[in-house]
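Just below sit the structures, each encoded as structure tokens.
Here chain A shows up in two complexes: once beside chain B, once beside chain C.
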Partner chain A sequence: MRCFFTVLKMDLRNLFRNPVLIGYNTVFALLLILIMGFLTSGDYASGKDAFQYYLVTMLIYGMLSGAMTATNCFMERDIRRPNLRIIFSPAGSFSVYFSKTLASFLFDYTMHLLLLALLCPLLHVTLGAQPLYFLLLMAPVEFTAASLGTFFCCLLHTEEAASTLLSMTISLLCILGGTFFSLNGMGHILSMLSSFSPVKWLNDAFFALCCDNSQALAVPVAFGCLIFSLLLTAGCALFFKTEDYL
Partner chain B sequence: MEKLLEVTHLSKKFKDTSVLNDISFDVLRGEILCFLGPNGAGKSTTIHILTAALKKDEGNILFRQKPITQHLSAYKQCLGIVPQELALYEELSAEQNLRFFASLYGLHGKKLSQAVTYALDFAGLSDRAHDKVGTFSGGMKRRLNIACAIAHRPELVIMDEPTVGIDPQSRNYILDSIRKLRSEGMTILYTTHYMEEVEAISTRILIMDHGSIIAEGTNESLKEDIENEKRYLIEVEENGKIPLEEFYSIEGVKSVEIIENTLSITSLKSVENLDRIISLFSVYHEKIKNMTTENASLETVFLKLTGRKLRD
Partner chain C sequence: MNTFFTVLKNNYLRTIPRIVPVMIYTGVTLLTILFSIYFTGTQQVRARIIYIPADSSVSIPHSSSALQVTASDTAPSCADLMKRKYDAAIFAGSDGSYQIRTYLNEKSKNMILNLVKHPDADLSSYEKQRGVGVNVLGFMMMFLLMSALSNLFAFSDDREQGQLSRIILAPISFSWYMAAHMVYCITLLLPAYLLLVLLKLLGWNIGFSLLQFAGLILLLALLGISMALLLHTLIIKPDNANMLGNSITVLTCLLAGSFHSITSRYPVLNKATDLLPQKKLLDYAGYLEQNTAAAHSSLLYYVILFSLFLFLISVILLRKQYLDKK
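For the complex of A and B:
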């Protein structure tokens, strides 16, 4: 266990020293929220509503994009080679892939909490009557995204392939889920397709928390995410091959 | 000497290609066992199986008479592995790298600090301990790559071509350090392409080719087999004018090989026949461009066993 925490500490250190990842998870997300909110403010009853909508949807997009943090943390060229030594050591392969999942989760969660701490008072948006529930629901979503990134690395063996495929899949699910613009007014077929996107379920759960003060959707979403994360971690154990590092 | 590692009937296939064919060997405590072989011989595959990073198809590996798979964590604790590639965090200092990798072997507190000091001293990097690895020269990185593997003082150090691409000074430093590790009681398993390294440090040599062990012995005993032979390498302008039977008719000639425009003639050392060989070239109006004579060396042994044909 001591070995695992040693590896985790190193992974966190590498992540928090990576300016590109810090920028992507804070500045990029912040700009997306501000730009989208500003550009669409005319479509909403007030500018505040536009920012409220895009804070939640872009945050979900950012959380899901956390999968790419995991792929970077796992198989980035300069990290991949030292990982070989961890495999050789008594720490073993579990420490390699699970510490990446955990480190990516902690990193992304911290970045997004900081983002919310900055944006909520700045844009006068709300996280609901119980902001804690909103923040708590973020955790399983972040963890699922990190598990997804690690799983794709184990499955595809390269960062490039994993990141490309994840990026395309997440973007597609987000478009279908109404992250960038709602599909509800775009006809029956698009509306039906939208309801199949897990991002739509996440949007509904987070909006229910912050706008309706309802936790009805939060519990199933949280449990669903946790079960999915467990399955992905089991998949990592199945597909992780030490040969890929040799 | 005590057997530290016993490998029996080890086999490995990648898809349908057999890369290790039923090899068996022992590693004795306190020795420097060198693996020699051309590319694709199976050296690295053997090493990777011994490090437990690659699964074997068949065979047994015993460490201190116990199967490694049953005591994997304890086995790994006793291993120090120097991979062929530099496995270091470039953004961290030498000391931070050593501290991290040594702590993976359960070292902490004072023991960890002592291990780091020992490894820095071993690598000759004490004065650069706090500098980022990214600022180091190739030789310094190679030395640190080794130091990271021995900081926890393993019983068995496995080195996979640890001197690739470095200057002669760093290479000599590393070879001296390896001898020092042995004098401290460590056992070393070493793979390389460089014959001079093997001659300099080995106590025993295994020569591999096509996934099999084709020779085993000390530097001296391997040379013994061909010590009564010499080899003439004769470069000509155009090969094929002289029928090979003509060479075999000369007393003492054991074998003749043609590699492009060079004839490799192996002959008994005791028979003086160079004048007769050269006269054949005159008879067939074959112009000699260059000629050298090779006596027994590890390289001669290696080339004799593995052939001179280029490998992928």
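For the complex of A and C:
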């Protein structure tokens, strides 16, 4: 266990010292929210509503993009070799991939909480009557994204392939889920496709929390995320091969 | 010239281990082209409303091509209105009065009220739609720029692993070396163009002629390559440069309105987005659609000069880093 924490500490230190990753998880999300809010504010009766919409959807996009933090944390060129050494140390292979998942989760969650702490008062956006539920529901989503990143690294063996595939898939699912614009007005086929996107379910759950104070969707989403992330972690154990590092 | 072909051939050989990301970019670009054509083709419903009559005596307006009506007994949740599942909720009183609840602006509100009263009203005064050519260009723009960025991997790998200083010292032409990388990048964008050629041959309406598309894609490629070159010159780690470049591409393409023409309430911001080369290219495509492009060729010069400017900065920086040290 102590070995695991040593590895975790190193991973966290690596993450918090990487300016590109910090920027990607804060400044990029911030700019997306502000820009999309500014751009569409003309469509709404009050500008605040545009920010409310894009704060929630872009936050979900940002949380799912946490998968790219995990791929970068796991298989970046400078980290691959140290990984090999850890596998043959008493820490074992589990600490390699699970500590990356956990470290990326902690890193992303911190960054997004900071982002919310800055934006909510600034844009007068509400997280619902009980902001704590909103913040709590973020945790399983972040964790699923992180384990998704690690799983794809184990599956595809390179950061390049894993992060390209993931960023494309996530962007596509987000477009289908209505992150950038609502798909309801774009024909029957698209709105049907949209209801299959998991991003849409996440949007529904978070909007229900912040607009209607209803927790009905939050519980199934949280459990779904937890089960999915457990499956992904089990998948890591299945697909993790020492030979990939040689 | 020899250098050119050797580097080009080498680049293709180096693509083989990276075939997965290349295929993904190409696949997604092709899908977006198809999607943009489908998207323009579906007649868009202008407003979706939920209609809540006070009692059963109130008649419910019929749905039309522009208006989609859902009748309901209960008011929709705020989340449904916020997510634009319905654009507006109309509460109809038994005395024929309407009450509307929506997050949308006055103009849309009036349009919706007008539609509820006259479902087949003429809407041409409200908003003009973009044509298929502009939509195809706008939708594939982001993906073409992103793939140009990742296709310069051979150059960035050379640079990161220190091969570039060897290449510069070797008795080969550096210009041909760079030219090979650029031509390689452009050839990887060919599948998107070939799909357009195929669609044209199949008789689909893709908006512009093939020559016009070739020109527009070439301009996009030049823009993407010069941006990628600058980023890979400034940032040594290819992963970080790609990540930053992708973020910049997504943001600027959204700002330029490549997916959705934009109406902001902040005029300063509109002025700022006018400076983006992507916006100029989209504007030019818009004029091309209305056959008034000849008067607006300055937009094209802007894009070309912008790319040349980025390219020159990277060349100067590269010279500073490598040649002057020699």
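Here is the rule we go by: the second predicted complex is superposed on the first by the 246 of 246 C-alpha atoms of A that agree within 3 Å, B and C clash if a C-alpha of one lies under 4 Å from a C-alpha of the other, contacts with A are read in each partner's own complex, and residues count from 1 in each chain.
By our rule, a contact is a pair of C-beta atoms (placed from the backbone, for glycine too) under 8 Å apart; a residue touches a chain by one contact, two chains touch by 3 or more.
Please read all numbers here as calculations on a predicted model, not as lab measurements.
By the touch criterion stated above, A:V7 is placed in contact with chain B alone, chain C being left untouched. Within the superposed three-chain model, A:L135 lies out of touch with both chain B and chain C [touch as defined at top].
Counting the residues of chain A touched by each of chain B and chain C gives the higher count for C.
Using the contact criterion defined above for the overlaid structures, shared-chain residue A:S89 touches chain B, although it does not reach chain C. In the superposed model, A:L34 makes contact with neither chain B nor chain C.
Applying the stated contact rule after C-alpha superposition, one finds that A:F207 touches chain C and leaves chain B untouched.
Once the two complexes are overlaid on the shared chain, A:E243 sits against chain B while remaining clear of chain C.
Once the two complexes are laid over each other on the shared chain, residue contacts for A:Q52 go to chain C alone; chain B is not touched. Interface residues of chain B facing chain A in the complex, by the touch rule stated above, are 44, 48, 51, 53-54, 73, 76-77, 79, 81, 83, 85-91, 100-101, 103-106, 108, 148-149.
Interface of chain A with chain C (complex): residues 20, 23-24, 28, 31-32, 35-36, 38-47, 49, 52-53, 68, 72, 76-77, 156, 159-161, 163-165, 167-168, 172, 178, 180-182, 184-187, 189-190, 203-204, 207-208, 211-212, 214. Taken in their complex, chain A has these residues touching chain B: 2-3, 6-7, 10, 14, 17, 78-79, 81-82, 84-92, 242-243, 245-246. Across the complex, chain A is touched by residues 18, 20-21, 24-25, 28, 39, 42, 44-46, 48, 77-79, 82-85, 87, 102-106, 108-109, 150, 239-240, 243-244, 246-247, 250-251, 254-255, 257, 259-260, 262-266, 269 of chain C.
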